[in-house]
Amino acid sequence: MAQSDETKKKVVVRVCIGTGGLAAGGKEVIEAFKKAISDFCVDIELDFTCHYQKVGCRGFCARDVLVDVVDGDTSVTYQGIKPDIAKRIVQEHLINGQPVKEWLIDDSYYSFHSKQMKVLLKDCGTIDPEDIQAYSKVGGYTGIRKILSTMTPEDVIAEIKASGIRGRGGAGFPTGVKWEACRKAQGDVKYIVCNADEGDPGAFMDRSIIEGNPHSVIEGMMIAAYAIGAGLGYVYIRAEYPAAVERLKLAIAQAHETGHLGKGLFGSDFSFDLRIKLGAGAFVCGEETALIASIEGERGMPRAKPPFPVHRGLWGRPTVINNVETLSNIPYIIRNGASWYSSIGTDKSKGTKVFALTGKIRNTGLIEVPMGIRLGEIIYDIGGGIIGDKKFKAVQLGGPSGGCIPDHLLDTPVTYEDIVRTGAIVGSGGMVVLDETDCMVNIAKFFLEFTQAESCGKCVPCRIGTKRLLEILDRITRGLGKEGDIELLEALCSDIKVASLCGLGQTAPNPVLSTLKYFRHEYEAHIKDKKCPAKACKDLLIYSILEDICKGCGVCKRACPAGAISGDKKKPHKINADLCIRCGACFDVCKFNSVNRE
Amino acid sequence: MIKLMIDGKTLSVPDGTTVLDAARRFHINIPTLCHHPKLTPFGGCRLCLVEIKGIPRPVTSCTTPAAEGMEVTTTSPNLESLRKTVLELILSDHPNDCMICERAGDCTLQELAYFYGIRKNRFSGERRTYSKRDGNPFIERDMEKCILCGRCVKVCDEVEGVAAIDFAYRGFKSKICPPYEKDLNCEFCGQCVAVCPTGALTGKAWKQRGRQKDVREVDTTCAYCGCGCSLTLHVQGNEVIRVTSREDTLNEGWLCVKGRFGYNFINSPERLKKPLIRKDGKLEEASWETALDYVAGRLKDVRDKYGPNAIAGLSSARCTNEENYLFQKFIRGVIGTNNVDHCARY
Amino acid sequence: MLEEKDMNDVLDRIIAKYREDEGNVIFLLQETQDALGYIPEEAVAYFSKKLDIPSSRFYGVLTFYSQFHLKPRGKNILSVCCGTACHVKGGTKIAERIQRDLGLASDGETTEDGKFTFEIVRCVGACSIAPVVLVNNKAHAEMSADSASKLVTELKKKETGVGAK
Amino acid sequence: MAGLATVFGSGAMTNSMPEIENNDLLFVIGSNTTETHPIIGLKMKKAFRKGAKLIVADPRKIDLVRFADLWLRQRPGTDVALLNSIMHVILREGLEDTEFINTWTDDFESFRGSLAEFTPETGERITGVPKEKIIQAALLYGNAERPGIYYTMGITQHTHGTENVYAIANLALMTGNLGKESTGVNPLRGQNNVQGATDMGCTPNMYPGYQRVDVPAVKEKFEREWNVRLSEKVGLTATEMLQAITNGSLKAMYIMGENPVLSDPDMGHTIKALKELDLLVVQDIFMTETAELADVVLPAASFAEKDGTFTNTERRVQRVRRAVNSPGEAKRDSAIIAELSRLFGYDMTYHSDEAVFREIGRLWPATAGISYRRIRKIGVQWPCPTPDHPGTQYLFKGGFPRGKGRFTAVSYRPSAEVPDNEYPYILSTGRQLFQYHTGTMTRKTSAIETVAPGPYVEMNDEDAQGLAVEDGQKVRVSSRRGSIEVSAHVSEKTLRGMVFIPFHFKEAAANVLTNPATDPVCSIPEFKVCAVKIESL
């Protein structure tokens, strides 16, 4: 006799559909599981029902798609799952009870997590981001309930100040102090704005949090709104994050339906509503005043400070702008208390910080670490070292506003002050690892290309200054650098930093200054010797074929897009230097390492 | 009132005064390119940076409100070096053609380059070039000379309420243009020309008509509508070659298209130059003596024959008070009739 | 292209939605682009007339934000991420290859047949699976110049029904 | 002006230009200010930026409507009904200023009764303005602290123009919105020195300084100063002069700097009349359409070639200075007049222009305190009786010249010529931004000609559709007096059933069409309403 579905045991298949998960085929994997189950159902009666849970980023994106199979109390995690593997897991694991060993997570999964401390990301990878109940079940919205019934706005501000949390957007300004200034600012109407315009290349913390746990951001905004006296909030989010926008819209809709947004919330007289404003593709809008201009429907050109947004912000009203990660921390601080939060981290840098660990590193992904952890621990223990056992060269922190930290400073603890001392900044959390094949002049040029393209054009130092910086860097990487260029770069950098209007310009020279500080010899090699030590700058490379090694297989000849390689079959080939466009295709395809590059 | 100290001098200024305005009130000169006293502050050119005790980085004095007890330094080796860098950067993206520029001698950028002695520029590189010329008939828009100070954008929006132009694009590609970069099509008040600190905006009518040398300026009152705007006529030889208006006037230096550009009638070849008398149905030139004798004689005839009330005078709203007074005095006192009127009704 | 009347109906609906919103310029343009795929000059003229907002403001905003397109775009949008992580892992090479395969001269161009638009984007936040190519907003992970080239070939096949050279 | 003078005892802008920016409400009626008075338009825009509200009453969607909080689109010629119904609501809502009425005005009670019939419903029926908007206007104006009313020819160029002005004056009087800073009634004068020409007595009934010619004591004063015998018979207005030519009583005219052929209504009639004169002397800087009819043409100097003063619309006397020499043998008007006078045996030589000005000050105390030296940089507003008097920024502070302000009950009556089956459209004429008056000056600047090249008729788009007229197409516009061919500008700008033609262009002169009917008090022709028909060509 068939068991009714209600009495059958429940098995949960949990699939990551964060950006990494989706790109690796997360949705297809779910479909494959569903199909496999229904295929088996035709022949046999299953003694369980299978439920699917889509979760946000679980951090270890390098091993996507990550799948949990939860059967009662036991949970098994698989990595690198493709749709065609689903059938085996269903048959061997779900039906026969034997986990499929070859796809189980391995040691690196554990070492990836061992030094992490997951506060924000804990819920992120386990709860269904499209279900408000899932957030409530893990304690969501208890923070706002608690303050509405027991705390005055001043109490909340005191609590946030006591926790020591500092803004996670980059500069690390104490959040409680900002709220207090806005609370005290004159005005009946105030706003809380969530800055989700994560524009730093190499950063996706905010995206992952919104995709994985949108309600924590909403609750954080509510608490902030209560504290500063705002009734309306805006989330300014990049249109380039369509999945995050959808999740957030859904979350707001659910919060409305279930009475978590609107008038007289939770029986109090506190009302709060939330609107989404889509960014339209301008990095500078991450800057507070530019963001305000953009919400107001204008060109995102920063405005001079003072007046600061806490005094005169959106529509001229006092406004607090916090970034996603900051706001997402707030419910946890209220729930667990300021002293819990301040027990994490160092004296001046409290709590955990989420980083996007990417680049030439084995375990790429989203990590959350306690403040104070050393850079080396992140790179080697969590990140598992450099891909292909190449030599570590530097880690880039803070994106276009940040800098590169070399090998000998890997002992630096991750705190706002210590990182700034190296010439980088904690920034919003992009951490790009570079190896010996990365040219530091080229990296500096890459960031200048970015800031120069994103400069709003309002102030002279940024508009023309970054252009001139880029031109100097460009000529250096093309072998046209001149004596005195380094000094000119230094002088211009220091003036741009001081004279620019907003944070974009003021920090734009950082990538140049920090690479000059630690890798000056690379600049000098480009200028004086016309060589790129990392062999990355195309114009400075000469490709040739080592005749004694070349087997004349012809692969390089076929790969050359410029027709610069000639030679008969089985005889050594030659590269015509006049035709060579230095694309490196031959170098990449040669199996015998017979292409020489210098 | 707020008390603050600028360059060691203690000053008192009203609440809401910016540091720049406070300094200017007391004749402390701070260089600027983007600031205009009648427009909202912009803070883009960065020349007016000053140091304020307690603030870690220099701030733009045009945007910073003066505060009680503030200690401001407007000049220091550091500030001057920053200003020089900013000027060099601007000049690295500006045509070096002061020789033939309409604004030479009356250009803020040129003036600052002169004061900062910028002969050799440390910076060079790509310069914005625009092949298309704006075809409007009034305003020459040489956007390669534009330093993106935004004054024209603001005057068009904040003062004129037209917003015919705005910033477009961003970063180094930024430019100021009418929508879709078409030819300017607006009220042509020329307020933008009046506030432009460089040679980017000039009047087409005064192109190559004369710059500073041998040009006299004569202050007068506009002859068009009833607003009575103050005009400054720029005269070379016996020709009015340009019209401007001073800022400290009733009209605050603002004019309309007629006042600013409609002066060609003065030197028009169609002007009447000799008295004319109708002979055999045709108007023919005559000497003043003949013409006036003729007029006086005919008027006397009419008066003798029909009485003074058969004569009437029509005066003009475009003549001066003195002329109008004399005209009615002539009609009343000399002809002897009150048949005098003017065109007030249309 | 839509007929003028049809377009005005679309625009009227957008206006009705945002008429009362302060600072609605970006909203108006975003919705227009969602509806029409780009922002025709006529749409700006229409908004300007109906809402008394100077066209110059629309144009300023349009050209400031990289999201907005003044011309119709291709049926398929190929975006190559050149954010930091993608850059250090070879994003530029991928971009060069795709551009060459499509025969386009520069970033942001559309093929003559209107099938493909190629663009370089700055970080789509998928750095952990770099380098990334987006085809119509779907991310393709850990690409190389070769795999990207294959992707283009497949897409061309799908569009034209024949293998493209 | 006569209208305001009757009510207050003085007719001019009550406030000054700098005060405009501090109005908290501007009620602009019958004035396309941004085009006809651009710089006053700028002051208004400054007021809006500072938060002032704006009511525009105009049948055309003029540029100011962009800034308006409320736009009343009345049918041309129905201003009295509009204003009366606004006042009706003000009384109904108790927004009148009783204290001001009791202290400073006469005849309120009888006036109150005259408003009874002008309910908002009646107002709507006559004017076409929805009654809600009439009520809203009343509330906005009635509750404002510093409201300013601004009007020009849209109010005065009607056969009932004086009544329009009375209605405006009533509105300001009943709310006490007079005699205060940034609060008042402001007729904007159309030409640079209209105010001055009126002040200087170039009117048939007044000597300089609004002193009546038919008051013996005044006459004697002028006889003494001028040392001549003067007539106490009120003279002819400009429009009456043309009639007098036709009936044979006027034989000679001396026209200085005027072009009535183009600026007067019914051009055909004007030309015919001027041709009948025994003698026509025209003194001008160009060969105008009027000069072409003259027996003698005298070449005069332009404003850039002479010294003197202009008085602007806010009574400010300002300096005019000579910048260049006159071309050829052209002479200053004052020199020509003095020469002529000498030929009549009367010496009118002055050793300087300022000597003339000082003589004016002796005869009209309101300017006695002004000297050229005082106004070398910025002008002074009359009244300014003594050298230490600062000039008068706004009028009627603490009272009216005639003692009390007088309410004048006015009722609505239709314009002289209203549309009918044969001539179904209302024609209004007026100015546009780029050209000025009859175009003799502005049309010499080629750039202006490029942007405002020629005549046109503004038509409502629905009307145009009905006539199958497309934008830019040539049409024939005809009235009972004549017809012209112009191209059509089709838009939403004009009200249905109405067309607008600027009068600057001789090649299709709007005044071929206009009706010479005039206001009985002021003799202002009805340029704003006549009946025309439109034919597609």
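Observations on the model:
Should a chain be cited, it is by its letter among A, B, C and D, assigned in written order, with residues numbered from 1 in that chain.
Methods note: a residue touches a chain if its C-beta (ideal position, glycine included) is under 8 Å from a C-beta of that chain, and two chains touch if they have at least 3 such contacts.
Since the model is a prediction, treat every value here as computed from it, not as a measurement.
Per-pair counts of C-beta contacts peak for the chains B-D.
The greatest centre-to-centre distance from chain C, using averaged C-alpha positions, is reached by D. Work out the mean CA point of chain A and of chain D, and you get 69 Å between them. Per-chain CA centroids place chain A at a distance of 23 Å from chain C. In whole angstrom, the spacing between the mean C-alpha positions of chain B and chain C is 44. Averaging C-alpha coordinates per chain places the centre of chain A 53 Å away from that of chain B.
Contact of a single residue of chain D with at least two other chains is seen at positions 66.
Contact of a single residue of chain C with at least two other chains is seen at positions 57, 60, 64. In chain B, 167, 169-170 are the positions where the chain touches two or more neighbouring chains simultaneously.
For chain C in complex with chain B, the touching residues are 41, 44, 54-60, 63-64. Chain A meets chain B in the complex at residues 282, 284, 299, 301, 303-304, 306-307, 452-461, 463-468, 471, 488, 491-492, 495, 498-501, 506. Across the complex, chain C is touched by residues 157, 162-170, 177-180 of chain B. On the chain B side of its complex with chain D, the touching residues are 136-138, 158-161, 187-189, 204-205, 216, 218-230, 233, 235, 238-240, 248-251, 254-258, 261-268, 270-278, 283, 288, 291-296, 298-300, 302, 305-306, 308-346.
Residues 19-20, 22-24, 61-62, 64, 198-204, 207-208, 239-242, 277-283, 294-300, 315, 356-360, 364-366, 396, 399, 430, 432, 434, 438, 443, 446-447, 450, 453-454, 456, 561, 583-585 of chain A are the ones that touch chain C when the two sit in their complex.
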